[in-house]
Amino acid sequence: MSPHLILKVVAKMLIPLIALFGFYVQFHGDFGPGGGFQAGVILAAAVILYALIFGVDAAKKAVPESWIRIGMSFGVLLYGGTGVATWFLGGNFLDYTVFAPHSTHAAGQHWGIFAVELGVLCTVTCAMLAIFYAFGSRIPELSDEDW
Amino acid sequence: MAYFLEMLNLGAALFMLIAMALMLGRLLSGPTLYDRILAVNAFGTKTVLFLCVFSFVIGRPDGIDIAILYSLMNFIATIAVLKFFRYRALDISLERAHIDKATVKTGRAKRGSRK
Amino acid sequence: MGSSPELILNLGLMAMLIVVAFAVVRMRSLFAIVMLQGVYSLLSAAWFVSLDAVDVAFTEAAVGAGISTVLMLGAMLLTDRNAKPISVRQKMGPFLIVVVAGLAMFYAIGDMPAYGDAMSPANAYIGAEYIEATKREIFLPNVVTAVLASYRGFDTFGETVVIFMAGLGIMLLLGLDGKAGQWRAKPNGRNICTSSPPARKMASALEAPVATKKRTVKKATKKPKSKTAGTKS
Amino acid sequence: MSIAILLMGLSAILISAGVFFVLAGAVGVLRLPDFYTRMHAAGMTDTLGAELVILGLMVQAGFSQTSLKLFLVAFLLFITSPTASHALANAAHQAGLKPLLGKFRAPTPSELSAGKEEKR
């Protein structure tokens, strides 16, 4: 029997829940507390729990480093791209009303906020994971008396 | 009746605060590190309960979202601290912990001998 | 908000915050300090909830209690376990500065708006305007999201770029795989860092010749070596 | 109306019971002599007390979204709290932290005979 069986079983149960809660915070952020930043941190926490239980190498298989590099820049580009898109539609930078100019319920604002928050989510998740991978991949050489 | 419920929740919140203060005492005085980890974990549980009760006191159910988040984050933090304290590294898989720890130790021994 | 029973809860939370802050300053074991910081963020988030700042509390809960603890532990692995004691004479300068700054802050308390004052500058002018306008312009129940993503979208763009830069800086300095810039720094004469397990064999194979090289350099010139090493790295 | 009062009483009973357990656990953590006894105090009473308090709040909230969220909190605490306790005890035991046995340890044969004679 492998050691830490309980931890592994519980982690397997919790990780999807944490990720689901992260997405809830992201997409429910318009109505309750939360938004892109918080959701990104929670999603990163799900991956970090996986890394803590199954090792950073396993986590790197699940969320490869290339995803992090791409995702981090994609988030910023998505945010900036939303602003540029509003330029092309004839508005000011990040003026979302041009997405749906004749809507009575500010649908353009909703779409704009959705895209922008998605960009924040991408960047924050990947930045947090980048920091965790960078620190977590290093094994210190410490003698026992230091502990 | 509403007044009774309000007082009930307020009292519960107050007692949770007292329990948190007691945990803080153990956290500050804990002789071993495990006592401190235990105190932090129990403190987190009590904070979750405090937030649940308190969001009823102030009549905003948003506090419960934060309580959910806390119960998750508290678990992650506890596991992280324990893992650090036991294996002294982040990137070891618990599945192969016994093997990896052996390799780490032999690696250390080799380094020491080289010096 | 400011009714007396809730005031007791707020005061209790604040008192515990102060106790934890003093403990963080006074304690010498870094492990305990990391855990105390987790407790500090738990407490401050509970306090933010009592101030109705639910979004701030959410961020504090997510970052302070969870991620920050893990990252602090990761950073702690690369340092010593205990802080060195500082002599009293070294403390005097900072102590004077803290006393002067603290007195100035106490002096400034008189200018602060009362707790929960609806007419305070933060609540009165543009804040009230946003709260009014959100209902008819954006149709979102959560004003914070509306302000962050729409009214102050430019600011949030800047914040996102800041986070991106933080991640980029970490990637450039440490690398995602722990291999970037095999550290040669040796605090207390010990090599504090090697790479991850798959790369460890490779690293130990690479390390042997480097170590001998360094030793010969050390023997030849002792003092200027540190300077050259600093400029090289 | 009577049902409302009944529910209120139920909520009051559940919450006070939960608060009692949580406080008892907290006092135990502060007062008990060694790590394992403290953990025994914290782990069990916290789980039970938390469940009771949240159940009481759920009775207050009725059938609503708040109640669902509270159920989620209860579920998460029910899973994570014992798991954290288990991991903590496991780590402490593996690290070689010995429980404080004191005078209640199983006596050796020589002690047993000596103690009998003293008592008589």
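As written, the chains take the letters A, B, C and D, and residue 1 is the first residue of each chain.
Here is the rule we go by: a residue touches a chain if its C-beta (ideal position, glycine included) is under 8 Å from a C-beta of that chain, and two chains touch if they have at least 3 such contacts.
Fair warning: this is a prediction, and the values are worked out from it, not measured in the lab.
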| item | value |
| --- | --- |
| Touching both chain A and chain C (chains) | B |
| Identity of the chain that, by mean CA position, is farthest from chain A | D |
| Between A-D and B-C, the pair joined by more C-beta contacts | B-C |
| Between chain C and chain B, distance of the C-alpha-averaged centres to the nearest whole Å | 19 |
| Chain A and chain D, separation of their C-alpha mean positions in angstrom | 35 |
| Gap in Å, rounded to a whole number, between the CA centres of chain D and chain B | 15 |
| Distance between chain centroids, defined by C-alpha means - chain A, chain B (Å) | 23 |
| Shared-contact residues (touching 2 or more other chains) in chain C | 54, 57-58, 62, 66, 70, 74, 77, 178, 191, 194, 196-197, 200 |
| Chain A, residues touching no fewer than two other chains | 4, 7, 14, 17, 25, 32-34, 42, 45, 48, 52, 56-57, 135-143, 147 |
| Interface hub residues of chain B, defined as touching at least two other chains | 37, 62, 65-66, 68-69, 72-76, 79-80, 85, 88-92, 111 |
| Pairwise chain contacts, counting only pairs that touch as defined | A-B, A-C, A-D, B-C, B-D |
| Partner chain D, residues of chain A touching it in the complex | 4, 6-7, 10, 13-14, 17 |
| Chain D to chain B touching residues, read off their complex | 4-5, 8, 11-12, 15-16, 18-19, 22-23, 25-27, 29-30, 35, 38-39, 42, 46, 49-50, 53-54, 57, 60-61, 65-66, 69-70, 72-73, 76-77, 80-81, 83-85, 87-88, 91-92, 94-95, 97 |
| Residues of chain C defined as touching chain A within the complex | 54-55, 57-59, 62-63, 66-67, 70-71, 74-75, 77-78, 80-81, 137-142, 144-146, 148-150, 153-154, 156-157, 160-161, 163-164, 166-168, 170-171, 173-179, 190-198, 200 |
| In the complex with chain C, residue positions of chain B that touch it | 10, 13-14, 17, 20-21, 24, 27-28, 33, 36-37, 40, 43-44, 47, 50-51, 54-55, 57-58, 60, 62-63, 65-66, 69-70, 72-74, 76-77, 80-81, 84-85, 88-92, 100, 103, 107, 110-111, 114 |
| Partner chain B, residues of chain C touching it in the complex | 1, 5-6, 8-9, 12-13, 16, 19-20, 23, 29, 31-32, 34-36, 38-39, 42-43, 45-46, 49-50, 52, 54, 57-58, 61-62, 65-66, 69-70, 73-74, 76-77, 178, 191, 194, 196-197, 200, 204, 208, 211 |
